[in-house]
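Two complexes, one shared chain (chain A), two partners (chain B, chain C).
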Partner chain A sequence: MSYFSDIYKGIKTLLTGMSVTGKYFVTSRKGAITQQYPDNRDTLQMFERFRGEVIMPHTDDNEHRCTGCQKCEIACPNGTIEIIWDRGIDEATGKKKKKIDQFVYHLSMCTMCGLCIDVCPHDAIKWGQNFENSVYDRSTLTRVLNKPGSTLMQGVED
Partner chain B sequence: MPLRITENIHNWLFSVMPEGVASLVEMTLIAVVYLTIFAVAGLFLVLLERRVAAWFQLRIGPNRVGPQGLLQTMADAIKLLTKELTGTEKADKFLYNLAPYFVIISALMALAVIPFSAEFHAFDINIGIFFLIAISSIGVIGILLGGWSSNNKYALIGAMRSGVQTISYELSVGLSLLTMVVITGSLQLSEIIEVQKSGWLILQGHIPAAIAFMVFMISGTAETNRAPFDMVEAESELGAGFHTEYSGMKFAYFFLAEFINMFIISAIAATVFFGGWLSPFGITESIPELGVFWFLLKTMALVFLMMWFRWTFPRLRVDQLLTLEWKYLLPINLVNLVLMALLVWLNLTLRL
Partner chain C sequence: METEVLYSNFKSEEYFINMGPQHPATHGVLRLLLTIDGEIIKKVEPDLGYIHRSIEKMCERDSYQQIVHLTDRMDYLSANINNEAVCLAVENALQLEIPERVKVIRTIIGELTRIASHCLWWGVMGMDVGALTTYFYGFRDREMINDIMEETCGARLTMNYNVPGGLMLDIHPNFVNRVKEFVAHFKTKLPEYDRLLTGNVIFQKRTVGVGVLSREDAISFGASGPVGRASGYSCDVRKHHPYSAYDRVTFEEALRTEGDTYARYLVRIQEMWESLSIVEQLIDNIPEGEHRVATNAVIKLPKGEYYQKVETARGELGVYIISTGTKNPYRLKFRSPGFSNLSLLNHIAVGGKIGDLVATMATLDLVIPDIDR
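This part shows the complex of A and B:
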């Protein structure tokens, strides 16, 4: 008897599948995920979880949150991040303290794995949405993420 | 109108040259017309498939070349024409080159017996359905030849699978059409349409006809080697299957033939089950020119159904494919045939 119930089940599941795709077909004009890229360059918004490149956000006062702890440099499987650090005098306490001089990021070696961002204890780096990374000279893919003259934001280390 | 144009050409041809030559010229002209239909329909169907596939997958599809991408396949065909024709070493060159023509000529011959409208019907033989079934199995020889002669294991496996598949599903296609022939009492396609003036066959034969239609669509999809029955060219396992080694225009022949076969299967279904070029309830009976329109409308609806299958269902395994045919479709079909015979015998068919 399972012969007939098999046929019934088969047809039913096939029709269920077809109704799902049929719904997509009818509504596809509105929900199309294809981007007409060079045409809509001005309005194109990448989605939130997009991994374009690693960036270091700065505030308006040119302050960043990176303490130079080098955890990201250790975490990176490709040696993409190189932190050139220095020791400076902390004005508040007068003690010697580590700070970053240059946060060097080789975009050409990055696999967008996200380990550096996960490991950073101060949320100093995050994902950027830029995806137009083609250049004529690969040396331009090596970037210094902290802006010149930037300082550590107060209270990050507390 | 179409009748008078062809009649005029016919008379003119026979008036300017001797009879034998004139009929030869006429045949050539008809062949050229059908070749044009073949190419245009093939290219149009490829484009349609790509757009429909895109919509099923929430994409947009080709929309750059020409308005709404209408010239995209044209551009693709020109690209394929300019490509180098490569081949494998130790391939059987003669059979290798012959194979695409087998496929394309069988598709073309099947196209000839399809009634586009009352007048637009090149070859109305009295064994129309039989001829269609017979011709559609010749195409598989081309596939087998192509797979075997290209000296490539993937092509060979693909071709063998195609042989298995076509031999099995041929039976279901034939039997489901036979079920409908029980009502019509004729194999001639124009006669079959004549019978449907008192209700489309799918209504006349109600339950068994609906079952026969389902079986025909399933086995027809399998006959054309389209997904979910596309083990023949299963991309993930076999490269491109039997046409792995073909390039350029020879590849395009296989590709076009596949789409024309889909059109032919849909056209047969439209003719046998949905009244061919007859308008629904005879609403445009006074304008016979609309016959082509209704025929194409019905065929395109069925073509769409086949595309819907393709972009919904996952590919079957070979053993599942054979189980489906030999354990399900064939017994159902045989019982259905007896049921239909009983129906006709007891006069239980519905007639308007």
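This part shows the complex of A and C:
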């Protein structure tokens, strides 16, 4: 007898499950959560806190806010950030003053932990939204974040 | 005479087979050395080390702020709870007073992480026993939590949102609304989970009475989390040693006595309901205040030994720090739930079929980076 009751139960649970999937089959347009990713690149908006890559914002006058204090370099667990600094002449006082030469960022080593941006006292670096970082050559992932010829913004250190 | 020769050719004998490290049912790079007789399992021997990254050794090199991001990579499905464990250990050692707001937010995000982890487990569990539909439904609901995490923490999986002293950023203004939206959404979807899989006859035939673990064995093997609770071993750290805001919420500890695969399944389903209720209790009254207490830039723990345990989605995670008073720990040991839960696999799988082993492993909910570290 259990043979027939098993068949009955099997068909019953099959139909119960099918009623759930069937409901979505009929109303699939409303509940769809998938995104047509490469096709929606123009309209795709990431969340504002999204951690894509570390960037250094520059003003229109090619000025950045990095004083070269190297706190981010110390905070980084992986050696991702490497600051090559130099001593320049401060125009106001005429004394020697530390300034960054190159802010090297190895994206290939970055774990996106956010400690560098958390520790930066002048908001010189922040998170970029770009996440399409696949390249053919790993060495192209090493970037210099400060633009050529850029200078420190006035009043950052005050 | 000829018949006898024929029989001797089909003599039963044991043989050896590899399951993994690239087997889809092991959910990672776990290699199981199976000794089987026909389809009956005689011995299961896990072979570890394929994803060993020496996280504990790296912790000895890193400062206490840097350690936190490594714990994301252990049990990546409950990354936020792992972070919380290290932060609580450091904060207790420094005797920092943590604002109420931080405690409540940590609890809410921890419970959301637990739901997300169980959603993924539920989908994969169905897939392991041959029901692919559950995979999509589990991931659909997990996606909403991932979006909440991404908006508030900045990342979907490896958040690194906790820091010793509080939270890296305050919650996003949309956080409360989004969580409420999710709770309302998920309350309608959880009964659907039951209709789709729990009541299914084929699923019950695959799971009821399979991989039975007794209460005594659960305790002696060090099982924790849903695996221990399905065997009637009351081991919920949230209940017995409350941390963060768990002492001010009411929730049931999901306990069952059968100890089989189906009981472990039901415990996790009930845990999702309990997590929802915890989130509901806290989301409306997040206290105002600071989201972070200032610590020294270089944290030096006083000389001594510190232990903190938390309940991750898989069980009890312990963080044991030995400090000599410097800026790095002298030794940091993680007691990971997956390792203990894997150790009892041989005990409960012997005598069963290979297909049952897959179902049993699915309810142990193994995350391999958590086992190997």
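Throughout what follows, the second predicted complex is superposed on the first by the 124 of 158 C-alpha atoms of A that agree within 3 Å, B and C clash if a C-alpha of one lies under 4 Å from a C-alpha of the other, contacts with A are read in each partner's own complex, and residues count from 1 in each chain.
The criterion applied here is as follows: contacts are C-beta pairs under 8 Å (C-beta built on N, C-alpha and C of every residue); 3 or more make two chains touch, one makes a residue touch a chain.
Only a predicted model underlies this, so the values are computations on that prediction, with no experimental measurement involved.
*Asks:* Which partner does A:F4 contact after superposing on A: first (chain B), second (chain C), both, neither?
*Replies:* The answer is neither, since A:F4 touches no partner chain.
*Asks:* Using the touch definition from the top, say if A:M112 reaches chain B (first), chain C (second), both or neither.
*Replies:* After superposing on A, A:M112 lies in contact with chain C but is clear of chain B.
*Asks:* Per the contact definition in the header, classify A:T21: touching chain B only (first), chain C only (second), both, or neither.
*Replies:* both
*Asks:* So in the superposed three-chain picture, is A:R49 touching just chain B, just chain C, both, or none of them (first/second/both/neither)?
*Replies:* Only chain C; A:R49 stays clear of chain B.
*Asks:* Please work out whether A:A75 is in contact with chain B alone, chain C alone, both, or neither, and reply first, second, both or neither.
*Replies:* second
*Asks:* Could you figure out whether chain B or chain C reaches more residues of chain A?
*Replies:* The partner making contact with more of chain A's residues is C.
*Asks:* In the superposed arrangement, which partner chain does A:I33 touch: chain B (first), chain C (second), both, or neither?
*Replies:* A:I33 contacts both chain B and chain C.
*Asks:* Residues on chain A in contact with chain B in one complex and with chain C in the other?
*Replies:* 17, 20-21, 31, 33
*Asks:* Show which residues of chain A lie in contact with chain B when the two form their complex.
*Replies:* It is residues 7, 14, 17-18, 20-22, 24-25, 28-29, 31-34, 36 of chain A that touch chain B.
*Asks:* Spell out the part of chain B that touches chain A in their complex, as residue ranges.
*Replies:* Per the touch definition, chain B meets chain A at residues 52, 54-60, 308-309, 311-313, 328, 332.
*Asks:* Taking the touch rule as given, give the residues of chain A at its contact with chain C in the complex, in rising order.
*Replies:* Residues 6, 9-10, 12-13, 16-17, 19-21, 31, 33, 47, 49-51, 75, 77, 111-115, 118-119, 127.
*Asks:* Applying the document's contact rule, which stretches of chain C touch chain A when the two form their complex?
*Replies:* The contact residues of chain C facing chain A are 62, 65-66, 68-70, 72, 133, 140, 143, 147, 150-155, 158, 160, 163, 168-169, 172, 192, 195-197, 199-202, 297.
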